[in-house]
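Pasting a structure here, questions to come.
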């Protein structure tokens, strides 16, 4: 009940987030190679954020596939996740325009960490609604990846004030970890469909 | 007839409103803590507006669930609601950038009040189409919350010129009142679905 | 075949057009009544354009309801309509920011006229696909309103250089003419659905 | 499985890309003919990009119609295509604002070429999932048009540094080549449906 509209709304918000980030890449006034070079950090930030939103869309897609009931708490946990993801265009632009200065880099990591935590909350709201023996609960299992991600962020964010590249390596490592879609859910689902 | 497309269009507009608000948080040029501090009021405004759009989406979702026929008046009442909500990114940005100055704070409240009134009009257009004994009519009942909200706005908006925090408290109070989803419709619906 | 995706894409574009127009209402720096006054023409332009997009969405909704086959020419005629409508945020912003100067007012009318003409082309592409005895063909009939609209625009646009209010009256008159949804299609449809 | 959501998400992103491009046409401050003239190259760029996104939407629409299974690789190949298309508003704005200077014109062509290559990758990911005897594989055949397009881009991009109009002619030629929708898939599909 209402699951389709939850998916449609989330898809809409994620599609807009992933697309308006490009608006933070302000069209520069010059038309030479040097101008293009100054855009490099903004462009790199854009790629990283694009991949992150893609990962969330992908996993969200798999997660909701296993959901049967949408409760009020699931609706709000989902909006909470979308809230933190909606900050990505801002923190991406801030980090890129300041060429990976420590504070914006740390803030970028905080936004990612909050998105990770809110995804974890969403998963547990769904499990609370569906039951501990539900498909989702079995599929997510111990949520190893989710825990690792938040630990990596917790280490990477303060490291941004030591050397921003330590933080960036952390963010990229988590992205790589998740680039593999959530096979756990996919596996459990395909085992249960006949 | 056409209900799906009305939902899809409304979801689209609400998803865009909730997401482009972040574009009003202009990426600042500095990269230090002080710059971040100046963003605090914009960020607080953004959170409040995000919650409001979330509430409207949630209630709109429940309201349309009980709808069977979409008449021309419902279509336009819905667009009227979307019009006032579409002003939220603007009034949010204006209030945040001016650090809760009285006039922008009052205007923010007026936009919220107009959205509240247009939601009330939408409900009554639906009831006029569906009949007084319809599910929606029973579910909405006396619309206690809707009336209280508009009364609070009517008090809070002029208070913005006395002390802007009185107005903010009013806006936050109404948000809290509505954060509980429209159980009335949910309840009546679940009673009727066997 | 593919009609749903055509509707979904059109809804998406129309929802974005109607919502990003508010981004052309730039958040001003002042927070006093005078600043608010300077926004009045932009706000009036926004209302007019919002109503126009609402009208197009509404009629597009009724038009596609009667469609059975989506051909390549219908796809492109639809994109052609969306192209002219996508210019509305730009011409709305230009007209509003220049306080209804003659040239922007005329250009606004030209965009409306081109949208009107491209809607007419879309209708006739659909009739060419569906056949002259189809529901759409019968429903649209002589398309009295469409012809009047383009005639009014053709008169209003040059009048913008005499007195911009003559042009504005023309644009408002056409909007009022269309605010009544396309009853012709609605009527013919309801006659045919038993 | 999940095909609808892939289509919905892609439609959302494409609808946003095609619409926010107009935001790169900054509302100018003057209101005279000269101001309008300076917008001409931006407007021309906008038309070309609008047509390109329309072509991609149209072909994407036909391509997915023939798809039965959505694998992880297809999801990411699709996001990869959307990534390059999402750069179109930026490169369009840069090329237009710099009145077709060589470097922005070349970069525009590179974005188009990367989109073309990523479409080709998407097609081949789909064929790898569906099998070499699938509808898609038969429909796409030798993908003559796709190969020609990339060759034309490869010639046109360096030519931008000789004379930008050589490059523009190349970009327009490829658009014309594709304006005819992908009849191959349409034909094969219609042969197989009854």
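Going by the order they are written in, the chains are A, B, C and D; count residues from 1 in each one.
Please note the rule applied: a contact is a pair of C-beta atoms (placed from the backbone, for glycine too) under 8 Å apart; a residue touches a chain by one contact, two chains touch by 3 or more.
Remember, it's a predicted structure, so these values are computed and weren't measured experimentally.
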Identity of the chain that, by mean CA position, is farthest from chain B: D
Proportion of interface numbers common to chain B and chain C (over half same, under half different): different
Copy-to-copy rotation for chain A and chain D - C-alpha atoms, rounded to a multiple of 5°: 90
Computed distance of Cα centres, chain D from chain C, in Å: 26
Chain B and chain D: spacing of chain centres that average the CA atoms, whole Å: 37
Contacts with 2+ other chains: residues of chain D: 8, 12, 16, 20, 23
Residues on chain A engaged by chain B in the complex (per definition of touch): 1-2, 5, 8-9, 12-13, 16-17, 20, 23-24, 72, 75-76, 79, 82-83, 86-87, 89-90, 93-94, 97-98, 101-104, 107
Chain A partner contacts - residues on chain B that touch it in the complex: 7-8, 11-12, 14-16, 18-23, 25, 27-29, 31-33, 36, 47, 50, 54, 57-58, 61, 65, 179-181, 186
